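Look for subunit A in each of the two complexes below; its partner is subunit B in the first and subunit C in the second.
And then the complex of A and B:
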């Protein structure tokens, strides 16, 4: 019984970390209809900025996270203005080629600037070490990651479903021309959503850094995992992404405990089954 | 006609004898991509050799030509090795970070009359692939076996083995198991996990459930080792007194700053630590650190490359700069010298390097830098994996 609880907790923690990192991609792919393969690259930029701020400048964890999120958004603004704006509404292949190209450029620049070695983000005293749950101990930063995931999910849901901006965003996604005719400045709406998505990527890069350490190939290494979460959850759906992360986290963690030699077999088997039964993901929006 | 041939031969003989030659050495390694750091270390070791010893052997000058294979890619490695031999006319092939890359190039050696000096690839079987292969690095068997004795001496009898599911990982598992059972211990469970594993918490749970007193682990150097060690600490295994053993790939010097305090106290066995205390190593580290630029990036492949160049220079000396692979390899069989890592010998039978394996512990030195401090020496270790290959 203890073991079952233990696995459940690991699964929850892993799923929430996945959620924080992948939700930004769900926003760009589902709401903005851009296949953004550079999502991991933005998460990596966030990780590097936080690492630089906390390790080399000696700033606190909270400030470093803030710098990472804002810094990544500032870096992303010209990229959005000059590159992404051209591919809104373009065929998927064009988007894939453009964003994978951006990814490779960012990998090269990161390698040049920060070198090929691993970078860590020092945790504050309160997040270090582990908390005792009675039957086992769990790293404190994992609890922090779970909370971050819940906060992000709630805030994003409120932002998209309950604010005026969310309404404009959904209108612009469904019919850009009509929304524009009604006075919605779609360019601004897209730019803001893109900034939010990139900011979430950066946050995920920082919060998930303990599990997925920051190094130049981060952007490519975990790309498939992010895409799988979006595909299973249904692009653009926050509850869908949350359920997908928890489900995949549970399957992956249990599989790794019971039969590690099968590798990611169970993970991908589950992906295949879910996508076969729900081609648009667990909570995908119909076109 | 006869006279013409005689003249031609005379001219050929004269020209090779009278003029100093440039001897080309082709080095294949990962110089870009995720493993660029290891390739950089190859280059640093070679540059350090030239900085200390010069690039001349007698009248002949050594010229190194680099070819990049970013990730393990046997087909590309073979194509590049062929190009080096045919187009560039190299007399020696060297480098090779990954085993499949080295294996793919071995069929060329005999036909091309070219010896191969392996500066890293660590699977035992490579030296059996061709009589012209000489290795100056280590094998996973060689570095993983001594830790079994360390575990036994520490009073541990039940160990769980956890390795990445790929060639060297399985080598490490077999090496440890063989050596540990010889010492009278038992491996209670052997887990192989996929290379792409990021979250090690479930593995740690299994380690805890297995009731083992210690864990033997092997993962390739790089991002995953960090996650593994952290998971070990944070899931309370370190606190529960479970000991951690592994070969030194875990604590390569360039990963230590990222591991930080989480790495303190880790015991690993390996053939080289950058902090090895000897005059030879001091000279080497000084030159290699200069060559690589950032001393924190210096790691074990550099010493394999450094000694590889030493072996090649001895080969050139023995052949007088002529292309004669058999004579070259024959000349270095049984060759002994003092490497930056300590006393070494090329075993005449296997052509693999016999060397000291050190038990090291990660500590903070006086400057607050994390180092692998050598605490015990296992002298003159050969490659126990070779017996396994022949069986």
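And then the complex of A and C:
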């Protein structure tokens, strides 16, 4: 029972961290049809900035997180303006080549600036230790990660379903040319959603640093996981991404607890099964 | 199949000329560059052999990606299957004759191609890419787990191939291995030249350009793609067997996602949909990587990344494709 409970909590926390990082990827992929392999690199930049602000400058956790999110967006804007804009609508292979190139560059620069060691982000007192639920105690950081995931999911739902910008965003996802003809400035929509996506990736990188440790090869190591989540959930769908993250987080965590010698065998087996049964993702729309 | 028979009748006349000037130029170029490499870099033959083996892998990716339009980040599965096939045959079954090892590798690669083809061809676009990633990770974990056969993370050591044709020992400098690799490359190149210009090759291109029309013509797109996958497995398997023979050890890195991604990058760098593009991309990428990592081991990844970005911005069709376009413009200008 103890094992089942701790697996469930870890799986939930892991799934939520995955969700915070990859939801931005899912939205941009659904919107701009860019296979963005550099998304994990932005999460990594967020982790590095937060680690630098909290450890080397001695700032608080909340301020460090804020610096990480804003700093990553500031770094990402010129990249979007000068590199990504060239590959909107390009063939998939070109996009893969370009975004892998960006990832390699970011890894190399991070390695040069921060060195190859693991970077930690010191947690504030309130997030350390464990919370007593009466019958079980769980690490406070896990609860924090789960709450972050829920808040992000709720805020995104409100942003996309209930605001005027959300309507433009959905219109551009469905048919960019038609939305542009009706007066939606799709370039602005693209730029804003790219910035939001990158900011969420940075937030996820900071919140998830306990589960996905920050090091230079972070971008390559987890890139595949984020892509898998988007493909399983269906690009551009928030509920799909949430279900996919929770499901894959549960499978991965259970596999690591119960059969660690198999590594990620069961994770990828599940991915093959799900994608074979739902070729457009769990919540993918039929075209 | 009636359709492809028709094809060979109508489009057959230009296609039937198997040994055209293009193949001849390519053949001469490979031999000249290969022999030049042998004499210019006598101490680097191991690297050159490695380049040839990876070149076979990239050619095999070109068959499915360039000619059939299937995007895959998991093609090292076929290469690794060939390497492990040849290695296991040598270590566990005592088959140490190099030619037989190569054949075993090719068969293992074809089997892996059949399996991953069945899985990967079920989806399109991003899900297809993800399926191919899942396949390479499954192969990797399976090989890691079956350590009794594959040596696990220690690698499969103790491969001792016999003398080639009973005459040429595999020496310390890798001369025999290099020449053997060069001969394999030439044979595969000529075979693929025939293949991609055959009616079947045309059908594969058709399946990339317009799958609906191909199926309306009565050919099964899926069976064409699957057959191409098996053929590309043979090519990648030969490449894998070549590494097993030349380095005498097979490691888990031959089944890695990194190798798959790097070889796809090499293909796109050179230019998809052409055998020359695949070969040029491999040479340029591996040469550049070797040069930069020797000059500055801390920055090589940044340099490689910058190279990739530059290629996308300035040579979007790959080095060979963009070069061909520029040459064509010059020729057009002169007329």
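Please note the rule applied: the second predicted complex is superposed on the first by the 278 of 287 C-alpha atoms of A that agree within 3 Å, B and C clash if a C-alpha of one lies under 4 Å from a C-alpha of the other, contacts with A are read in each partner's own complex, and residues count from 1 in each chain.
Definition applied: a residue touches a chain if its C-beta (ideal position, glycine included) is under 8 Å from a C-beta of that chain, and two chains touch if they have at least 3 such contacts.
Just so it is clear, the structure is predicted and the values come from calculations on it, not from any experiment.
Applying the stated contact rule after C-alpha superposition, one finds that A:261 touches each of subunit B and subunit C. In the superposition on chain A, A:27 makes contact with neither subunit B nor subunit C.
By the touch criterion defined above, A:279 lies against subunit C but remains apart from subunit B after alignment on the C-alpha atoms of chain A.
Shared-chain residue A:119: touches subunit B; no touch with subunit C. Look at A:111: by the touch rule set out above, it reaches both subunit B and subunit C. Of the two partner chains placed around the shared chain by superposition, subunit B is the only one that A:3 touches, whereas subunit C remains out of contact. Residue contacts after overlaying the shared chain place A:211 against subunit B, while subunit C stays out of touching range.
Taken together, the two complexes place residues 111, 261, 263-264 of subunit A in contact with subunit B and also with subunit C. Put simply, subunit B touches subunit A in their complex at residues 33-34, 36-37, 40, 165, 191-194, 196-199, 201-203, 205-206, 209, 222-223, 226-227, 230, 234-236, 239, 254-255, 257-258, 260, 294, 296-297. Of all the residues in subunit A, the ones that touch subunit B in their complex are 3, 6-7, 10, 13-14, 111, 115-120, 122, 129-130, 136-139, 142, 210-213, 215-217, 221-222, 252-254, 256-257, 260-261, 263-264. Only residues 29, 35, 83, 86-87, 90, 92-94, 96-98, 100-109, 111-112, 220, 224, 227-228, 230-232, 235, 261-265, 267-269, 271-272, 275-276, 279-281 of subunit A touch subunit C when the two sit together in their complex.
Chain contact summary for the complex, subunit C toward subunit A: residues 65, 71, 73, 119, 122-127, 129-131, 133-135, 137-138, 141-142, 144-145, 257-258, 261, 264-265, 268-269, 272, 298-309, 311-313, 316.
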